Amino acid sequence: MEGNMILLLPMVCPVAAGIVVLAGKMFRKDRKYLTGVSVMVLVLEFALTLWAVMSGGSLTMLRLTERLTLGLGVDEVSRLFAVLTASVWLLVGIYSVAYMSHEEEEHRFFGYYLIVVGVLMGLNFSANLITLYVFYELMTLTSLPLVLHERSKEAVRAGLKYLFYSVAGAFLALFGIFFLAGVSESLTFTAGGVLNDGALAGKEGLLLISAFCMIVGFGAKAGMFPLHGWLPTAHPVAPACASAVLSGLITKAGVLAIIRVVYYVIGADRLRGTWVQNGWILLTLLTVFMGSMLAYREPVMKKRLAYSTVSQVSYVLFGLSMLNQTAFVGALSHVVFHSVIKHALFLTAGAVIVTTGWTRVEQMRGLGQVMPKTLACYTIAALALIGIPPASGFVSKWYLASGALSSGTGVWSWAGPAVLLVSALLTAGYLLPLTIQGYFPGHDFKGEEIQKRKLAGKEPSLWMLAPIGVLAAAALLFGCFPGSLISMLQSIAASVL
Amino acid sequence: MSFVQNFPFFSIILAMFSGIISSVLSGKKARNLSLVMIAVTTALSAGTLLFCLRTGESYPYMMGHFPAPWGNEIRAGILEGVTAVFFGVVMFLAVLGGLDHTAEDVEENKLNLFYIMIDLMLSSLLALVYTNDLFTAYVFVEINTIAGCGLIMIRQKGRSMSAAIRYMIMSQLGSGLFLIGLSILYDITGHLLMSPAKESVAALAASGAYRIPMLVIMAVVGVGLAIKSGLYPFHYWIPDTYGYATPTASAVLSGLVSKGYIFLLIKIFYRVLGYDNLVSSQMVNVLYVFGITGMVMGSLHAIHETDTRRMTAYSSVAQIGYIYMGIGLGTQYGMVAAVFHIFTHSATKALLFISAVGLYEASGDKKDYVSLRGAGYRNPLAGIGFTVGSLSMVGFPMLSGFISKLLFATSALESPHKMLPTLIVLAVSTTLNAVYFLRLVITLYSRRRPEDAPIPEVKVRSSWHLRLAILCFIAVNLVLGMWSQPIVQAIADGLAMFG
Amino acid sequence: MSEIILALPVFFPILSGIFMLFYRWGKEEWSRKRELFIEGLVVANSLLIVAAIAGGADGDRRIVLFRLYSALTIMFKLDPMGSVFAGLVAFLWPLATLYAFEYMKHEERKNTFFAFYTMTYGITMGIALAGNLVTLYLFYEMLTLVTLPLVLFPLTTEAVRAGRAYLYYSIGGAAFAFIGLVFVLGFSAIGTTEFIAGGMLDVGRALESKNVLLFVYVLAFFGFGVKAALFPCYRWLPKAAVAPTPVTALLHAVAVVKSGAFAILRLTYFSFGTEFLRGTWAQWVVMGAALVTIAFGSTMAVREVHWKRRLAYSTVSNLSYILFGAAMMTPLGLAAALSHLVAHAFMKICAFFCAGAVMHQSGKTYIYQLNGMGKKMPVTFGCLLVSSLSLMGIPLFAGFVSKWNLAQAAFDSGSGLGLVGVAVILYSALMTGIYMMTVIVRAYFPSLAGQTEAAEEAALPGGVDKDDQEAAAEVVTAEDGLTDPGWKMTVPLVIFAAAILVIGLHSAPLISFLTMIGGEAG
Amino acid sequence: MIQHLSLNIEETVAVILFGVGFTILLLHRNLIKKIMGMNIMDTATYLFLASKGYITGRAVPIVVDGVQEVSAYINPVPSGLVLTGIVVSVSTTALMLSLTIRLYERYHSLDLDEILILAKEEEQT
C-alpha cells in the first residue's frame, strides 16, 4: 500500500456509504433520512475527487503476483473523466431524490447508485490494464441492480442481457490482455505505448488480433456495433435517473478503456494504417448511422434516447479511430459534451414521465403548455447535440470533422465527415419534433387531456428542474467558452500522438 | 529312490481305492472318507512338491519295475506338484463348502455314489497331472468324463439330466478326436510314452517327413481337448452343465475338470510335440484367435443372462478364453501367465459358486436377479465372498485376478504384432466382466423394491462348512494376489524343466 | 522411522472407517459423541499430513510397503506435487465432514455413510502420496470401490442407475489405463514404474516403437480421463448428482475427479515425460479432447435446469481446464494446471455446499424454484456469489488467477492449438457467467411476476425430464420460514469463500511454489 | 495319391468311418442314433489302431505249440490298446443308454432338442 493514500478516498467512501445504505434498516423506513445522506455523500465524493485530482501522484494498492499489481494513478485523461463523473453524478443524484419518490425500494437504488460511482472513480484512476479490467468487471456487476431496479419481467431479462453482453465483451478484451501481458513487463499506462518491441518480434498478427478483440470487447460497453444489442433494451427499462447515468457515463467507461488500450498500452502508431484501424472506423461509422436511423423511427422517448446514445458514443470512437491529434481532441470533447447533453435529455424525459406519465413522443403534444421551462432546457440540449454553432456539440463535431479530413486515412477521411453530417441531420430529426409539437401543437390541438387532468403549468419540482437547468446551461456555456477545455485536450493529444 | 518319490503313485491309487471302498459305505461315511482322502492326497502332493523344489528337477517314476517301452511311467516335477496341491486344496474346499447342499439334492441312498464320483474325479485329475504316457492319459480322460457326467446327473432333476447327456455327447466328440490323434501319433512315432515320443517327433520335424500328419495330430489333439475344456466355439454345453449341477459339482467341474484337460494339452505341447515346432506350425495363432473371441463373446453372453448360475458359467467360458489366449501368445512368459490364470480362475470360480450357494439360501433358493436383491445384507459372509470373487474376476489390485491380468499384459509386450490386440481385448473384457459381475454385486447390496416378492429380511447363518469354505477361498485368493511372486517363480521353473 | 508418517495418513482413516463399519456404538443410532470422534479423527489425520509435508517435501522421503510382484512395489513418496494435492485434500476434508454431519441429520444409515466417507479420505491420500504408477493405479481402483456405496447411498432406483453408470465408466477407464501402466513398466529405464520428474521412459527403446507408445499414452489418458470426466465418458458425473450433497461436493468436485486429473498429470509429467510427448500427434489429440470437453461441459450446463446437475456439468468443463494445462507439456502448463486444480477445488466445493444448504433448508433442487432466496439466506448466497464470480474468472478471485496462468502458459507455449484453447476457455468463462449469474440474479432480484414465468420455464422441453415434471408443478417463491442453515454448514461455506478471496488477492506464494514444481518436472 | 490310399486301405476306411461316426454323433437329433454314431467312431479308431500292429505274413500273437521268438508274431501292443479302448467305449455307451432311458421315462421323447425344451418348461412350472 505504498503511494498517495488520498487517491483511495474517492473510491472507498461512496462504496462504504453504499453498503451502509443497503444494509441499514433505518434507511428502509425513513425516506428523507435516506435521500439526505445520499446527497451529502455525493457532495463529499465531489470534493474528494477534486482533492484527489489536485494531489495527483500514484498508489499501488495490492500486489496480485510479482508482475501484476492493482494501482491507481492520476494523469490528464483520468482527471478529465474523474471530474466529469463526479459532477454529473452529483447532479443526477439530486434529480433522483425527487424522481425516486414515485418508485419503491429506493434504498436499494441509492445504495447501488453510490457503489457504482465509487467503482467508476476506481476505473478512472486505474494506473494499469489489470486494475482497469478489475474495475470494468466490477462496474458491470454493480450497475446491474440499477438496470433491473423495477424487477418487472422485461427488466430482469434486459438486466441479464446487459450482464451477458458486457461479460462477453470483457472476456473478449481479456484475450487481448492475456496477450499483452505476455509481451510487456508491466501494463502500466504510459503515453505512447508500453510494449517492448523485442518480445513483439514474431507476433505482429497476434498483436493486431488482440488489439481488435480489445476494441470490440470494450466497445460492447460503449454500444459499438457487434455487441450493442443490450443498450436499446436495458436503458429504457431502468428508472430515468439510472438510464441517464448508464447512457451518459457508464458508456464512457468503455471509451476510457479503449483510449487506455490504444493510446497508453499498444501505442497509436502501431495500429496506424492496419486492417484494425480500417475495421474500427467501419464499425464506428456503421454504428453512428444505424443508431440515428433507429432513433429516428423509435416512438418511445427513452428508447429513442438510448439509440441516440449508441450513435453519439460512436462519434467519439470514430474520432479515436482516426489516430490523429485534432480528431482525438474532438473525440474527448464530445465525451464531455455528449455526457452533459444526454443527462439533460434523459432527465427531462424522466420529468415528463413523472408529471404526465407520457412515454411516447406523439402523446407529448402540447408539452409546452404543461412544463414550458423544462422543455426549454430540453430544446437547448437538443440544439447542442445536433451541433448548432453556439452550443457545445458544434465544437466537438468541428474538431472531429477537421481531424477526419486531415487524418490521411484514404477514403475514410471524407466518408467519415459525410456520415457525421447525415447523422447530425437525423439527430435533429428525432430530437426537435418534441420541441415543435410541444410549443406549437398546431391550431386543431385542443389539449382537452391537459385541461381534464389540469396539467397546465405543472412544472416538475425544483429538485428535478435545477439539475436539468444546470446541465442545459453547461451544454451552452461549453459551446461558448471551450477555450480552457480544448487547450487541456490538445496537451493530452500532443503527449499521446 | 527316496520314499517321497513314490508319493504321486500313492496319491492316485489312494484316490482310486477310496472311490471303490466308498461304494459299500453309507453316505455319511463315504463323505468323511472322501474328505480324509482328499486331505491326504493333497499332503502327499505337497510332499512331492517339496521334494522336487529341493532337488530342483523333475523325475520319472516307473510303475511296477518294468522299464519304459513296456511298463508305464509317471513324471513328477515342480509344476505337477504345484498343480496337484492346488487342485487338492480347491477340491477339498469345494466338497466341504457344498456339503449340506449335496445332502439335500441327492437322495439318501445315492449319496455314497456322489462321493465315489468325487474320488474318481480326483484320481483322474491327479493322473492327468502326473502321467507320462499318452494312452494312460486317454483312459483317465475317459474316467474323468464319466465321473463328471455322474456328478451332473446325480441331482435327478430334468434339467440336470439333459445337461448330463449333452455334456456326455460333447465330451465323447472331444475324446474321439483325442484318441484318433493319439493313434496317428503312435502310427508315425511308434511310441506312446511321452519322452521317447518327443525324440522321434523332433527327429521327424528335423527331417521334415510326415509334415501333414504332424499338423493333423496337432489340430485334432488341440481341438479335442479344447472341446472338452469348453473353449469358445465349443462351449454350448457349459451353461447347462455348470448351471444345473449341485454346487460342489459345478465348482469342481468349472474349477478343476476343464483345467485338468488344459494342463494335459500344455503337457502334450511341451513334452510330445515340442513347443517350438508348435509355434512354427501356426497352431498357436489358432488358439490365440479362439481365446480372444472367447474372452469377449463369453462376457457378452453373460451380460444377457438373468439366472446368476448360468451367468457365472458363461464367465467361465470367458476365463478359459483368457487361458487359451495366454497359450496362444506363443512366448514362454505367456505360458507362465496361462498356468497362473488356471490357478486364479479355479480358486475364484469355486469361490463364486460356493458363496452363491449362501446367497441362494438367503433368498428362498431362487437364482434370478430380482430375488437376490438385498441378499448381501441377509447373508453377510456369502455377500462378502461373492464380492471378493467378482472383484478378483474383474482384476482388482491386491487380488489374484490383478496379477494374472498383469502377467498377461507383460507377456503380451514380448510378441510385437499380438501386443495391441491382446491389450485392447484385455481391457474390453475386463470392462464387460465388470458390467455383469459388479451389476450383481450392486443388486446384492441394494434395497428391496416394494414390487419385489416379499422375502423375510432376517439374517441367515449358513452352516459352518460353507462359512469355513468361503473364508478359506478368500484366503487363497488373497495369497495368490499378494504373495504371487514365489508361485510365479515355481511355475516358471516347472515349465523350464517340463519339456 | 520418520517415513512411517507417510503411510500413516493413508491407512489410519481406512482402518478407522472399517472399524466404524463393524463396531456398533451404544444403543442409539447416532450421537454427538460419535460425531466428535469422527471429526477428531479426520482433523488428526489432516494434522498428520501437514506434519509430513512440513517435514520436507523434496521427494527423497519414501516408504516401500510390500512387493506386489517382481518389479512392482507399493510405495509412498512425498514430492512437491503430491504435497500440493495432499495439502488441498487435508484442508478440505475436515470442513466437508463437519458439513456432512449437519446435512445428514435426517438421513438414516449414517454409520455406513461416514465409514465410507472417511475411508475415501485415506484412499485419496494414497493417490496423492503414491510413489509409483502401480500404487496410484491400486488406490485409483479402490477409490471407485469405496465411493460406490456413497453414490448408492439414497438407494432409489435413480441412485442405483447412477451408481451402476459410475462403476462401469470407472472400471472401463481403469482397464484402459492399465495398458498404460503395463507399457510404462515394459519401457521404463529404471525397471520400476517410480515417478521421476521429467519422465522415466528408456528413450532409446521408446523411440523405436514411438507410435505404439503414443497410442498407448492416448489410451491411458482417456482411461484416467474417465474419472476426470473427459468428453466421451463424462455421463456418469451429472448422473451422480443424485447422491447427497457432501458426496457430490467432496467426491465429484474434489476427491474423485481430481484424482483422475492428478493421475493424468503424473502420467504425463512423471512417467512418459514431456520431451517424448511434446509436439507429437498424441499431444494434439489429447489437447483437442480437453478443449471439446471445456466447450461441451459449459454449454450443457447452461441448458441444465436441475441445479446440482448444472454444477456437475460445470465440473466437467472445469476439469478439462486442468487437462488442457497438462496437455501443454510445458513447465508453465503444469504450474497452471495445478493452480486451477487448487482454485477449482475451493470454488466448486463452495458452490456445491451452497446448493446443498438450499436443498437441506428448503428441499428445492431446481433453479426456477430459487426465486427471492437471496435475502432470506444471506450467508449461503453470499458465498455462492463469491464462488460464481470466481468461477467466471472475475479478477480479485481465485478463478482469475488460474485462468491467467493457463493463458500465460498457452501463449508461452506458442502452439496454435494453445491460442484456440485460450479462446475456448474464455467462451466457457462466458457460459459460466450465464449459468452461474442466472442463479444469482434469480435469487437476489426475483422478477415480481415470478410465479408465472417460473412455471412456464419449468415446462420448457428437453431441460426437464419426466420425474421432474411433477416437481415443477408446485412452484412457489421461497416461503417465509427459510433461514440460513446451522453453524456446521455456514462455517465451512464462509471458510471456503474466504479461501477463494485469499488465493485471488494474494496468490504470489502459491503460484511461485507451483512454478517451482513445474520447472522441475517440465 | 491313389496308390497311397490303396497301399494302406485299412487307415482310409478307418478315417472315413470315423468321419461318418463323428457327424452322426454331432448332427443327429435322435439319442439312440447319436450313441450308434459314437460307437461307429470308436470302432473306426480301434480299426485304425489294430491295423497299425499288423505285419504281413506273421501270426496272431498267441503262443501255440511252443513257438517263442518275436519275429513270428505281429506287434501285440496296439491290440492291447484296442482292448482297453473297447472297455472304455462300452462303459460310456452303457452310461449314455441309461441316461437315455431315464430321459425317455420322464419326457417320452428321444429327440434331444425336444427334451431340452420340455426340461425348460418343466423347470418354469
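So that you can tell them apart, the chains are marked A, B, C and D in the order they are listed, and the count of residues begins at 1 in each.
The rule we apply is simple: contacts are C-beta pairs under 8 Å (C-beta built on N, C-alpha and C of every residue); 3 or more make two chains touch, one makes a residue touch a chain.
Quick caveat, the model's predicted, so the values are computed rather than measured.
> Which chain is most central here if centres come from C-alpha coordinates alone?
Per-chain C-alpha centroids ranked by distance to the global centroid put C first.
> With centres defined as the mean C-alpha position, give me the chain A-chain C separation in Å.
The computed centroid separation for chain A versus chain C comes out at 43 Å.
> Based only on mean CA positions, could you tell me how far chain C sits from chain D in angstrom?
Taking the average C-alpha coordinate of chain C and of chain D, the gap between them is 68 Å.
> Would you kindly tell me how far, in whole Å, the mean C-alpha position of chain B lies from that of chain A?
85
> At least two other chains touched by the same residue of chain B: list those residues.
There are none in chain B.
> If every chain is a node and each touching pair gets an edge, what shape is that graph: line, ring, star, complete or other?
Basically the chains just string along in a line.
> For this entry, which pairs of chains touch?
A-C, B-C, B-D
> Touching residues of chain B toward chain D in the complex: what are they?
The contact residues of chain B facing chain D are 135, 138-139, 142, 145-146, 149-150, 153, 157-159, 161-162, 164-166, 168-169, 172-173, 176-177, 179-180, 183-184, 186-187, 192.
> Could you please specify the touching residues of chain B with respect to chain C in the complex?
Residues of chain B touching chain C: 391, 394-398, 403, 405-406, 409-410, 412-413, 416, 419-420, 423-424, 426-428, 430-431, 434-435, 438-439, 442, 445-447, 449, 482, 484-485, 488.
> Can you tell me which positions in chain C touch chain B when the two form their complex?
66-70, 72, 134, 137-138, 141-142, 145, 148-149, 152, 155, 157, 160, 163-164, 167-168, 171-172, 175-176, 178-179, 182-183, 185-186, 209, 212, 215-216, 219, 223
> Can you check the complex and tell me which residues of chain C touch chain A?
389, 392-396, 401, 403-404, 407-408, 410-412, 419, 422-423, 426-427, 429-430, 433-434, 437-438, 441, 444-449, 453, 505-508, 511-512
> Help me check something: in the complex, which residues belonging to chain A touch chain C?
Answer in residue numbers: 62-66, 68, 130, 133-134, 137-138, 141, 144-145, 148, 151-153, 155-156, 159-160, 163-164, 167-168, 171-172, 174-175, 178-179, 181-182, 206.
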